Each structure stands twice: as structure tokens, then as C-alpha cells.
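Below are the C-alpha cells for one structure; questions will follow.
A, B, C and D label the chains in the order they appear, each numbered from 1.
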Amino acid sequence: MSGDGVEDATVKILSKPKLREPILIEGLPGMGYVGKLAAEHLVEELRAKKFVELYSPYFPHHVAIEPDGTLRLLKNDFYHASSNGKDLIIVVGDVQAVSPEGHHKVVDKILDVAEQFGVKQIFTLGGFATGRYSRAKPKVVGVVSQPELIERYKGHGFTVEKGGGPIIGASGLLIGMGKLRGMEGVCLLGETHGMVVDHNSAKAVLEVLVGILGIKVDMTNLEQRAKETERIIERIRKEMELRERKERKPTEEEASYIG
Amino acid sequence: MSGDGVEDATVKILSKPKLREPILIEGLPGMGYVGKLAAEHLVEELRAKKFVELYSPYFPHHVAIEPDGTLRLLKNDFYHASSNGKDLIIVVGDVQAVSPEGHHKVVDKILDVAEQFGVKQIFTLGGFATGRYSRAKPKVVGVVSQPELIERYKGHGFTVEKGGGPIIGASGLLIGMGKLRGMEGVCLLGETHGMVVDHNSAKAVLEVLVGILGIKVDMTNLEQRAKETERIIERIRKEMELRERKERKPTEEEASYIG
Amino acid sequence: MSGDGVEDATVKILSKPKLREPILIEGLPGMGYVGKLAAEHLVEELRAKKFVELYSPYFPHHVAIEPDGTLRLLKNDFYHASSNGKDLIIVVGDVQAVSPEGHHKVVDKILDVAEQFGVKQIFTLGGFATGRYSRAKPKVVGVVSQPELIERYKGHGFTVEKGGGPIIGASGLLIGMGKLRGMEGVCLLGETHGMVVDHNSAKAVLEVLVGILGIKVDMTNLEQRAKETERIIERIRKEMELRERKERKPTEEEASYIG
Amino acid sequence: MSGDGVEDATVKILSKPKLREPILIEGLPGMGYVGKLAAEHLVEELRAKKFVELYSPYFPHHVAIEPDGTLRLLKNDFYHASSNGKDLIIVVGDVQAVSPEGHHKVVDKILDVAEQFGVKQIFTLGGFATGRYSRAKPKVVGVVSQPELIERYKGHGFTVEKGGGPIIGASGLLIGMGKLRGMEGVCLLGETHGMVVDHNSAKAVLEVLVGILGIKVDMTNLEQRAKETERIIERIRKEMELRERKERKPTEEEASYIG
């Protein structure tokens, strides 16, 4: 966001860790907050370190307020961690872009960063909505960039969806646009109602991922994290509603209070 | 979609067939899926070969899932075929652009590719909605870039609409923007209800086209293809509805199932 | 619209007439079609000649069908004429841009052309909606770029609106953005209901304009022209409605007619 | 807005005052018009001088009509003033940008100007909606770019909101994007209903600001200014409604009046 105008996205590189063919893992806000919950849990449990921040004019024109009373732009963050001899880059964040064009441009920038650090493999995490509540263990659907990946990863507890419906947003675009750059990709989607923050689905998705990667992650705090997320979302929703209601005209009596 | 940012559209050229003044035929999704059905049927029956893929940030931010469980970006595909000594380029695809600006930019890119391969003539295929169901053979309306084309092609079973309403999307823009590049164009629109995938209308449009081109195409599988298309659209529509419903708040009882 | 991408607008110059400080007159579609009617009447009566066509990706993604059955892109046209020793450039057209950004960009291009031909003075024509029908002679409001223009042109039958509401679209932006280029401008707005093509209002606006310019224009055909415009708009509206209705699901019985 | 196309924003510099590390104060239209009222009052009382105008294609495609009957583009204005040995730049204006992308680009341009004149510190003024009317003195919430600013400015009568909801528009983005340029920022938001022009909230916000800056500002005219603003907004709202109603079809009887 220099004086020469705002680019599609601004990438702020905080450090340049040396990573050997790191695996990109994405979990941005989406259906049931499944991907975001899963990826943030991974950041926490693996004590991953933030090394890149990405800002974009295609994000909403809001800013976030932190628990310490400071304000910051909405962003996507890149963390790196190592586990079981594998280098990981984990992308989490506040938001996805607003418009179709913005989605494409931000995902393209994420892939630029990924390529710069040597990424050849991508796992994206998300949810798929069923509109139903169920006490059963959530199903995890895997969608891949190349058919041979189904064979390679089968037996890790995900179902292959043949000819399923569209995947909306970064989880799909990262795999699709990454494929054009020669990257392999797997999109793991946990079954979820769609309307609530769903830690059960996030857990199911994470279990498949850690199985594939051969790493270990404690799931204990996941439920607690989901509850906090739900609380934050609920508060923001209420405040947004207030802003939208402002168009209603005050009654005579109400208006008399102004002044 | 290189590291230098996302352009208006990314053209991936798979091969460079030598074509002699090929004729461009377009059938992208639109009213009654008439154009898409007709053009895809042509690709199939003429055993056309794909040689160009076109991606754009102006397409929706979805990805498609293939029957083999792999995922890919939405795109427009260029096929080439020869029939009756004529070289044809057939453009089919998943989608059209989302915004007015995107429509113009994608069509401009399609014309860039067309020009590069020597196209001087364009036929675009689509439907026009009547809002009525009828058992009669659907009427086909022809709209042209230059008045002399009416004379040249008359007697091939299409009606000329003098001063008709606007044509929306690629079928119209390709002819209009192609005309600015000195290309001739004919837009063939089959009468259709507008709400269902209409193989009868597609057949009527194709019959006019093959008459003009002097080629032969078996129409037998067209109805079967329409039914498959209807099924796919119906499934995607249902899944999209689920996603949209996610805003509704769960009841207390429902919410208790989460956790 | 070359192979290098679609610019904000494409200007096709058909001829380069030598004009001495020509006066720009604009009448694009808007409230009550007042400006369009007035400017088109002027083109006709002064036998003005088209010399520039302007296309833009910010226009709607439709094409228009001409009375001879040919199709063309939506556009804005520049005509030139001479009357009473004055050179005039008259801008008419099918549409205005769709988005706020598009409006600014297209108006900027119109001003580029105007500047290239030496324009220093602009008159824009339009309507302002009252929501009322009246048999009285429509009032004409004049809004100017510099206060001295009120003094200069007073006595020509327009009212000055001090602190009135916003003027939307090209008629206002042309004056506002032209002022930044050092051009003088007057916006003449005829009182109109807002919902019908209003030749009475167009006539009132034209009478003020021809008074200021000291030219003579026969008003006889204006009513006939308004009726034709109304007919065209009505037909297009009906066809657009049909397209929008296509989302409704067919009944079982209706659907059985397909196939 | 030169002939080379419309940039993200056009900055017209009227004069280049020498300012020593001036403090930027922003008050653009928003919730309850709190920020706009407060900043305009400051301009008036400090007899600040306009030195920069900023235009953008991302602003609405309207123009404003001045009390003297002239028309002008919507814009943001920069004023400078000195008080208590401090140089101030005050940004006020008609509007904010329309789209998320536009918001980012216009704020970026404002920061370009600020940087050019040596700004290191920003105060943005606005309101936060409660949806309630209250006769109590409005609370002022302060949100900051760096945690140490809370300590530095505490005791000036604002509350720190820890983890509050998002701040929409320029007041938040200026602090957030300014922080990326190394600037310090404080956003002061006055409690307001959200639906009416609220001079009480503006006064509360101003009192905090003048306390921090150590300057003196007479608040007497603030209520009068709020009433004028309310009147202008109300008139514009009514005129906009008229424009939107124009889609309704006239009755037979009404239509007969045309002609």
C-alpha cells in the first residue's frame, strides 16, 4: 500500500525462514468455520510462527479491534512450523475477499508467496453444509487436483466425492489455481450444518490431515476454541445489525431526545 | 495467472493446430442452455479436440468437481474440428463472466484467440425466452453483423428479427465486438421457455447451423445429453440453496446437537 | 478493444471535422428520457453528422438489434453540426455506464474527445423527477459550473436552483469533471414525472438551449419521436421481464411439454 | 482526471503550506454524522484553510449543487490550521467511496497526501451506533494503533474498547493503513443512536480531541450546524426517493396528462 497506489494485495514479509518444500495448509473463514478452526488449532498446537501478513483492497472495508484495544486491518497470516521432519506453512485469517474478482486476485497472491517459499503441495480445509444436525461423527470429503492423489491418500478416512457440487472460495481456488502452477492439492471438507461454528467437524478434518502428514496434534482445546469463536462472531453480528438498522426513521418521541 | 498478477483472462494454449480461416462457433451457458447443449453436441459428434483453455478472475469464485473426484477451475474451452472441408473452432464452457465489465473482458480475450487462429466468421448459439411451453417446432431467430448476411443465409430456416430486444452476454458481445475487428457474425437463437434445459430448441438451432455450414451431424444423443445437463444443474442448485440457507439461526434444540 | 486488453472505453474516430471551439451538447438516457429526446431531435433537425463512436466495458453486457435485423454493441455517438455560425458536437447514445466507477471513466473519455476537438463549453440536457403529472408548461432548471454563467444566460427561461439535490450520471459529471479541465458548463433539467418518455419536458429544455445558442430548431416532430421511443422502451422492458422470470420452476404439467 | 485515464483518485493541490509534523484529523460522513460534524466545526472555529481537494471515480456518480446554484463533483477536502503551536490537517468531505475496493484506494490516497506533508499522527472521528436514544452525555470510545497510546492519552475522557466490533470505513482504515506506514493513530467514536445527525455526540468527541491536543474550541454553534446538516440530508433523501419511485407505471388517467 505504497504511494504508487494499492495493488491487488500487499504482502508484508516479516522473516524469511528456510523451508524445505513446505506444505501449504489453508483454513480461512467459511462454512461452519471448520477450516479456520482447524488451521488455527494447528497454529496453536504446533507453536507455528507468523512470517507473512497479506492485506488486500478486496477485503471488506472494516478494521478489527484486538483484545488490547488496538485496531488493525483485516488480513491473512502465514505461519510456519515443523513437525515430524516436515515444514508446514499455515494460512489463516480474518476474512476472504468480497467479490469474485477479489477472490481470484487474493488467492493468486497467496500462491505467489507459496511459490516463493518452495511450496509444491497444498491442503485446504473447510466445511460442506448439509443443513442437518447429526450426532454422528462428521464425514470428511476429499477433493483432489490429480486423480492419483486419491490412491495415494486413501485409507486416511476421507470419502471421495465424484462429481459433487461447487466449492466456493479460497479452499477450492487455491487447489485449482495451484494446479495451473504445477502444484498438487487436496481439499478436505468436513460435514457441517453450516450455521454454527462446528468444532466436531474441524476435529474430523484435522484427524484426516494429521494422518496424511504423519504428525501428532492434541485435540483437547478445540472445543474451547470453537466456543470463543462463536462468541466473537455473535457479538460482531449484533453490532453489524445495529449499523444496518440505522436507516429506520426515529419516532417523534425518540427524536426529541436528541438535542 | 502468473506471479505478476491476475490478468483479465489467462489463456492456456495446449496445441497450435493449423487451421484455414476457421469458423468460430460459440455455445456458453445461457437461456435454456440452448447454446451450450448445441455446441457441446457438436464437439461430441465431430470428435473435436480441445486446444485452448481460458480462465478468468471475472468468472464466479467456485471450482467444479469432476466425475473422477478431481477439482478444477471454471473455464471456457476451445475445440477444433474439420467437417466438409471446413475448419471449425467451437467454444464451450462452464460459465460466463459475472459482471458487465467481466463479460466485455472475457469476450475480448476469446476474440484475441480467435484472431490469432485466423477466424473471420463467427456463429453464436443461444436461446430466447418466451415464457411459454409449446409442442410446436421451436422458431430460430437469426441476428447478423452485416445486412448482406441475411441475404446470403436466408433459406436455412431462421427468421430475421427486425428491431428485437437486447441479446445478453457472450452470444451478442462476440458478434458486436467481433464486428469492430472486421469479423462477420451470425447469432442463432432458439425459441425456448427459459426455465428448463431445452434440447428441442438446441436441435432446431443446430439444424440451421449445419445447413449453413453444409455439414452433417447426428442429432440422436441430444435429448439424452439434455437430461444429464438438467440433472447436474438441479444438483448444483440444491447445494447452492443449502449454502444460502446457512444464515438462518438454529433453534435451541438443533444447536444442542453441536458439541 | 484491441488484443492488448479492453480499455476504459474505446473511441472510434470516423472523421476529423475541423471545428472552431465547438460547443458540446449531451443528451444520454435518463429521467423521462428528456435529455436523450432533446439531443436526438437536435441531431435530426440540424442534420448533424456522426464522427465518433465510443464503446465501453462499463456499459451493460447487452447488444442492440437494429430495425434491419443487424446487431451492434451499445455505444455513445458524437455528431457535429453547424448552426448560426456555431459549431456543435452533440453526444447521444443507448446507455450510460452501469457502476459509479464506470460513470466516471466513460465521462472522462467523452471529455478527452471533447478536448481533442477544442471544446470549451458544455451544455448537458436532462430531466428532474417530480413524481407528479401536470398540464402546465414544464419548468426548466439550470445548474452551472461558474456563478457568472447565471448572469450571462439569465432571461432565457430557466430557473436557478440554489442548493438543490444531487444530479445523477453523465449530465452532472460532464459539467463537474469538465470544470476541472477549465471548461464552462450548463446543465438544463426539465421538470418531468420521471416514469414516462416526456416530449413536453424535452421541448421546454430545447427551447431554453436554442435561445441561449441563438439557433432555430423546428419542434414539430418531437412528439412523434417521443412516441416511438416509448414503444421501443416498452418492448425492451417486456423482453427483460421474460428473462428475469426464467428462475421460476415450471409446473409438472408445463414441464411435460418439453421433450 | 487527465486524458490518460481516471486514476484511483485525483489530488488537486491548491497550495503547499509549510507544516511541522502536522496532525491529521479526519471526519467524513458516517454513523450519526458525528465525525463530519465535529471536523467541520473544527474547520470553522479554527478558520482552517483549504489546500487540497481529492476526487475519485470510486465516489458515487452524483454531483452536488451549491447554495449559489453552481454544481461541483463530490470530493474530500484537506484544510490546514494552527492552534496552540500545533499544525493540523483536517479532512472533511461529502462522501466516502462506494465499494470496499474504493474505500481502500481513497484512504490510500489520503495517506499519500498526509505523508507528503509530514503527518506522523492521525485522529479519526466518528460515531458508533447503539440504536438507543439517551439524555445522558454520550460515551466516547477510543481505539488506537499502538497499545502505548492508551497510556499516553488516558485521562482525556475516552473509554477503551477491548475486542469491540469492526469499525467500518475511512475512520478505521486510515488508522489501520496508516499504521503500515509507521503512523500513530487514534480513532474516537461517539455513542449515537445512528439514525439522526447527532451534535451531542460530535461535541463529546470534540471535547476529548481538544483535550488531547491542548487546544481550545468554542462549541456554541455546533447544535445550529447539526440542524442545517439534518435539513440538507432530509431534502436529498426525499429527492432520491422520487428518483427511485420512477419505475412505477403511471395509471391510464395519469398518463393522459403527458402529451
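What we mean here is this: contacts are C-beta pairs under 8 Å (C-beta built on N, C-alpha and C of every residue); 3 or more make two chains touch, one makes a residue touch a chain.
Everything numeric in this text was worked out from a predicted model, so none of it was measured.
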Only C-alpha atoms count here: how many degrees separate subunit B from subunit C in terms of the superposing rotation, rounded to the nearest 5?
90
Suppose you list every residue number at the subunit A-subunit B interface; are over half of them used by both chains (same) or under half (different)?
different
Measuring from the mean C-alpha position of subunit C to the mean C-alpha position of subunit D, what distance in angstrom results?
34
Please work out the Cα centroid separation of subunit A and subunit C, and write it as a whole number of Å.
47
Among the chains present, which pairs are found to touch?
A-B, A-D, B-C, C-D
In their complex, what parts of subunit C are in touch with subunit B?
1, 3, 5-6, 10, 12, 55-73, 98-99, 102, 232, 235-236, 238-240, 242-243, 245-250, 254-255, 257-259
Note: in the complex, subunit B contacts subunit C through residues 7-8, 31, 97, 100-101, 103-105, 108, 111-112, 115, 129-131, 133-135, 142-147, 150, 160-169, 172-173, 175-177, 179-181, 185, 187, 193-196, 198-200, 223
